[in-house]
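One chain, chain A, links the two complexes that follow: it is found with chain B in the first and with chain C in the second.
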Partner chain A sequence: MQESSHSNIVAALIPRSNLQLARLCVITVVFALLIFGALRYDNFLSSYNILSFLRYNSMFMLIALGMALVIMTGGIDLSVGGTAAMTSVVAALLSPYGWPAGLLGGMAAGLVVGIVNGLVVTRLRIQPFIATLAAMLATYGMALLLSGNQSVSASYDTAFVSIGQDDFLGFPIPAWIAIACYVVGWIALERHPVGRRILAVGDGEATAKLMGLKVGRTLLGVYATSGLLAGLAGVILAAQFGAGQPTEGVGWELFAISSVVVGGTLLSGGVGSIGATLAGAILLAMVFNILNFENGLGVISLSAYWQSVIRGAFLLVVVILQAKLMNGRSTR
Partner chain B sequence: MLLSMTGINKSFGDVRVLDDASLQVEPGETMALIGQNGAGKSTLIKILTGAYSHDTGRIEFQGREVRFGSTAESQAGGIATIYQEINLAPNRTVAENIFLGREPRRFGLVDRARMQADARTVLRRFKLDIDVNRPLQDFEAATRQMVAIARGVTQNARLLILDEPTSSLDEREVAVLFETIRTLKADGVAAIFISHRLDELFAICDRVTIMRDGRTVAVSPMKDISKVDLVRTMLGKELAAFTAKKRAHGDGEGAALVDVENLGAGVRVRDVSLNIGKGEIAGLAGLLGAGRTETARLIYAADRKERGAVKVDGRETNYSAPADAIADGMGFVSEDRKIEGIVPEMSVRENMTLAILPKLQKAGIVDKAAQRAIVEKYIAALGIKCSSPEQPIRELSGGNQQKVLLARWLCMNPRLLIVDEPTRGIDVGAKAEILKLLRSLADEGLSVLMISSELEELIAAADHVTVLSDGLSVRRLASEDITEANLLSAMAHQEVPA
Partner chain C sequence: MIAAEDTSGSSRRFNLAAWLSRYGTLLAFLLLIAFNVIATPNFLSLQTLNVNLTQVATIVIVAVGMTLVIATGGIDLSVGSLMAIAGALAPMILLGTIASTTNPLLVLPLAFIVPLVVAGLLGWFNGFLVTHYSIQPIVATLVLFTAGRGIAQVMTNGNLQVFKNPPFQFVALGHVFGIPTQVLIMIVVVAAAAFLVKGTALGRQILAVGGNEKAARLSGIPAKRVKRFVYVISGVLAGLAGLIVVARNSASDANLVGLGMELDAIAAVAVGGTLLTGGRANIIGTLLGACVIQLVRYTLLANGVPDAAALVVKAALIVVAVYIQQSADRT
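Let's turn to the complex of A and B:
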């Protein structure tokens, strides 16, 4: 046993799969950016920057987590942005009844969307792309309907806004939530049988069925989880900005997909990592953060539009790199 | 008796695929199950494993009547199936694949140490010492198959179904697999072995069940049946009244159009040589898996050849894609009309002219008049029965659909037409008509390479027949030598007793 755990450690250091290679890549780049930022900008590693970075980006980390699980099964969830927009409104509307009402109400609304997605995909056998595209349109519509097309103030009489704005043990509450979700997600994927099932379904649905695995239930589970996490992100959104934001969330699904892909999870499913997804989300967010600092230096000035272009280019490079590495492996 | 399936009937819509089929297996026995394409083997197996349900009939397994509702149920009941394309998760590790769905747990989580140890233990029984933490896809086919078997064994399988397990294995790997089957046999595990490689059946099986047209037509101990009898029973006889006349010449008289020399690619086509003369119908015979379609695809450049040469008019061809072969005057009518042939919702006219549309263009627009003239010509020439050229092709009978596909190629004026199972799924009368049509086309100078599983068809229509066995061209029969006995013995790859 000792001998094998020793060889496991050695083996873990040598990337022998695409996933490990991608994971190594993304973590290296994150550290490189960290060092770059620390050397170039005075306040980059200040606790203020780090904490506000985490507070704001925890929402994106949450939806990226849900998206990662869906993509590992070979599916996709385009509805997470719309769901977050809708649940931010729901949470804001419920916030006068106490923070638990806002929190649970928002999460429940997200869960419902996720379950509907899962049922449409598994029972009606609609392509995930189409099913969740429909859900995306519907949830944006619902967000606008519920809010009357304007942001809905959250109640400051209850503790609701604390969920987004306060700290716990000197750490932002949204970051705590994201960390907790990632820990649970990691255990589920890497240590619990359900994780093996998720990846096996992504490896081949028909095969998984022939192996006697419960494919339908697995798929329903990941879409429900993705909806729930998007709901939670919506709650944090409303709490952080003190208002439900029906027009926020546009493009969030793309951010989430980008994070997952950068983290080495294949869009075809069957391969993926929770930790690398988190690293992917941090990486993309950090590109933004650095560009903001760069603007602050006053040497160059990049508009938000340019930032988006740069991020897109970054994503493309990573995906091309992945494809190259894959080809290299399959022809060996 | 471990397994007894009796009186199994199954229909899909109007089509009866199993008609009073039966299958019995004793404990520890290795039973061969053979039959041509469409004989009903896989349907019978799917009914046994719960993938399909039977209409009527009785299945007893380990003394109890069973009716499995899903593959998961039959697995739990003690039946493990190893498919041709190994149905495991390639990206998961060996250990995970063996235990997917029933991982050993500790505190609700996967007990990985125990899972890995258990995996090593079970693989050691098959003398397989591999790193169980590596993804399955890192291993060769035989190892992956062994992992699939190990998965079955850990589910306490009493019956192993091996569906063409050797089709992608080389000789050494087959030997390893057989060793595994023998190990299990010693433990009393029975196996149903589906394969078209007769030598393998004789090497490993105790008895054979032969199916034809949805029926179980014979059960025999392996040692009491000869290869030729096995093949004859499997193929049966098609009683069709073909009136097609053979050309007087049969061998070597016509100038050669195509010469295939020592063609090979992968394990399916090992070494095939054949020739097709101008205006000849050359037959290509062999059992399923002998490499007939694969050979044709190499000639047509649908797959890439690795060895040997294809010469047309004495010049070596170097096609890189079917488009080159088409440009050089070849046509290919696939055996699978539904998937590779017709576009069901399109009309007869559209289907027929799909391939020549570029030639029918005038200033970028399809010349409707020219198109209609061609379509009407072939409808008349081939006797295609349709209400009008605008009728959707899916409404036509199989024979008429086939004629439309032939017309699609004929209007490109090919020199060589490759037809793969041209009469499959066509009723007897229409079969004779298709063959007659091919003959008259040959008389007009077209060369035809006809792949067929039906001996009568080859005997009636071909000028000469090349017989393939296990990727090798083993015999060439010409004119009056094309007889049932000669074909059978060549397909079984056995010398005719003197």
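Let's turn to the complex of A and C:
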């Protein structure tokens, strides 16, 4: 009895050990970059740098979290950038009615987009790539329509902009929001049946259905969550820059996908980790941060354009490493 | 009895879906033209035709390559970035930034050849990642999507390159027998790809690899080589489109050339009736799909609907088109 349960545990560990190794790699690289930065630049670990890093990048962390959940089910959500742009406009338009109106209005708008995505994927059975591509176009269109093709100033009379600009207990509010979402996401995935359900759907929809899992509802749930988180990111965007930005968010979806992939989550679904996704998002964002510091040293001068080249190179190295690990597993 | 009636009823309905999936894009195209003839003033003019065709030409050229990639079950997100690279290289060569010569006999052929070869090599790199490492096409081409535009921006330092070179710009601004050159190029590309798919063994192999890669490999098709080939073609065609765009504008802006092109191309392919699951390639459908999307936009703009609303309509169009295709496919 004991032996069989022991071998079960071993069996459960072995097939995914390469993936865990991949995740470990990402986290190691994050720490390596941190140490590199701390040794090389004077103010890298200053509270100012850390806090502004978190304040700005919390938006990207939020959409990466939603994207990770969607990708774990074997889907993809290309609409997060457009959704964030649209909800930033909605939030800015509602901000004169108080911060709760802006916050909840933006989140609700994101949730609606997510639910529509989920319904198109589950009811019309349109591939997630196409469904969310259409949603991306539609949300940008809505953002431009609502804003009249220009950025919409958020109200400074209410506390709305505090959501993006102020601190709470010495920590940026956007970072608090991101941390709270990641904690909830981690609990949902690792400590709650819904996490098993998400991964089971990603492993194989037909099997999951045969096991009696409510596949449609699970899918609807992850797309709705992704929309909600993108909505939250849009609210933070509007609050942080004091304006709803209908043309912002271009390429956010690909940044989020990169973060998820770098975090060791496979695009085929069925596996994934919340913590490694966060590490992936931090890693890609840190590339930009370090580039800024490097330029500040004045030894070399790399234009901001290098950041996408370096990000692409990072992505390349990571996916090749992952592919080698995975292929090694399949030929085992 | 009831069951028999049911099946006949549903088969009739599915026939409608099948009919729509085959001719729906064409029908939409004809309806749009009919609507415009009635509603839009001055629609039936050569100028309208030229405006629409020149706007659609680059999308079609890229979308043809995308169709071939999608036919193998892949996708190419890097096309817009490859356009930017090709579009940055050509003016650098023409202006002598790279080779420090502006001798037209040397510079002109190089301005065509070098960008296309580079784009083809980068396409090969995409295919290499997909075949050698078995990386999913979305992720593999995401690498160059991210890095490619950055490379173009770094090469040009993000600056706008303004140039004037009539022989080079003939690809966009010239006319052959009264037809704009870029439209002619588009027609040639479409015809060549349609012939490739319908009339050659390689075309069959592309479809076979997309339909069932394992079966294709077991029947002796060099699946990996076929896949690399379609990514190279997609890269070269993206490069060509990049050259046309910068020639048309007399300027190259690495930040903007080809921006969002991957989405336009994928939308054209989807509306044109090629399923994203692979195994099929409807080149003429892609041409019609791109034309329908362009015509919808033109129709809305010409009738006073803002561009933003046109985006929403485009989104609905994509969903409806793909829904019809898939309903037909389930029979």
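Before moving on, here are some points about what is shown:
Simple rule for what comes next: the second predicted complex is superposed on the first by the 316 of 332 C-alpha atoms of A that agree within 3 Å, B and C clash if a C-alpha of one lies under 4 Å from a C-alpha of the other, contacts with A are read in each partner's own complex, and residues count from 1 in each chain.
As a convention for this text, a residue touches a chain if its C-beta (ideal position, glycine included) is under 8 Å from a C-beta of that chain, and two chains touch if they have at least 3 such contacts.
Just so we're clear, the structure is a prediction, and the values are computed from it rather than from any experiment.
Once the two complexes are laid over each other on the shared chain, residue contacts for A:G204 go to chain B alone; chain C is not touched. Using the contact criterion defined above for the overlaid structures, shared-chain residue A:R55 touches neither chain B nor chain C, since it reaches no partner.
Once the two complexes are overlaid on the shared chain, A:V271 sits against chain B while remaining clear of chain C. In the superposition on chain A, A:R23 makes contact with neither chain B nor chain C. In the superposed model, A:H192 makes contact with chain B only, not with chain C.
A simple residue count on chain A separates chain B from chain C, and the partner touching more is C.
Once the two complexes are overlaid on the shared chain, A:L213 sits against chain B while remaining clear of chain C. When the two complexes are laid over each other on chain A, chain A has no residue in contact with both chain B and chain C. Residues of chain C that touch chain A in their complex: 75, 77, 129, 133-136, 138-140, 142-151, 153-154, 157-158, 260, 263, 266-267, 270, 276-277, 306-312, 314-316, 318-319, 322-323, 326.
Within the complex formed with chain C, the residues of chain A that make contact are 76, 120, 124-127, 129-131, 133-138, 140-145, 149, 250, 254, 257-258, 261, 267-268, 303, 305-313, 315-316, 319-320, 323-324, 326-327. The touching residues of chain B, counted against chain A in their complex, run 70-72, 75-76, 81, 83, 87-92, 96, 100-101, 103, 105, 108-110, 112-113, 116, 133-135, 151.
Those residues of chain A lying in contact with chain B across their complex are 1, 4, 8, 11, 16-17, 187, 191-193, 196-197, 199-200, 203-204, 206-214, 270-271.
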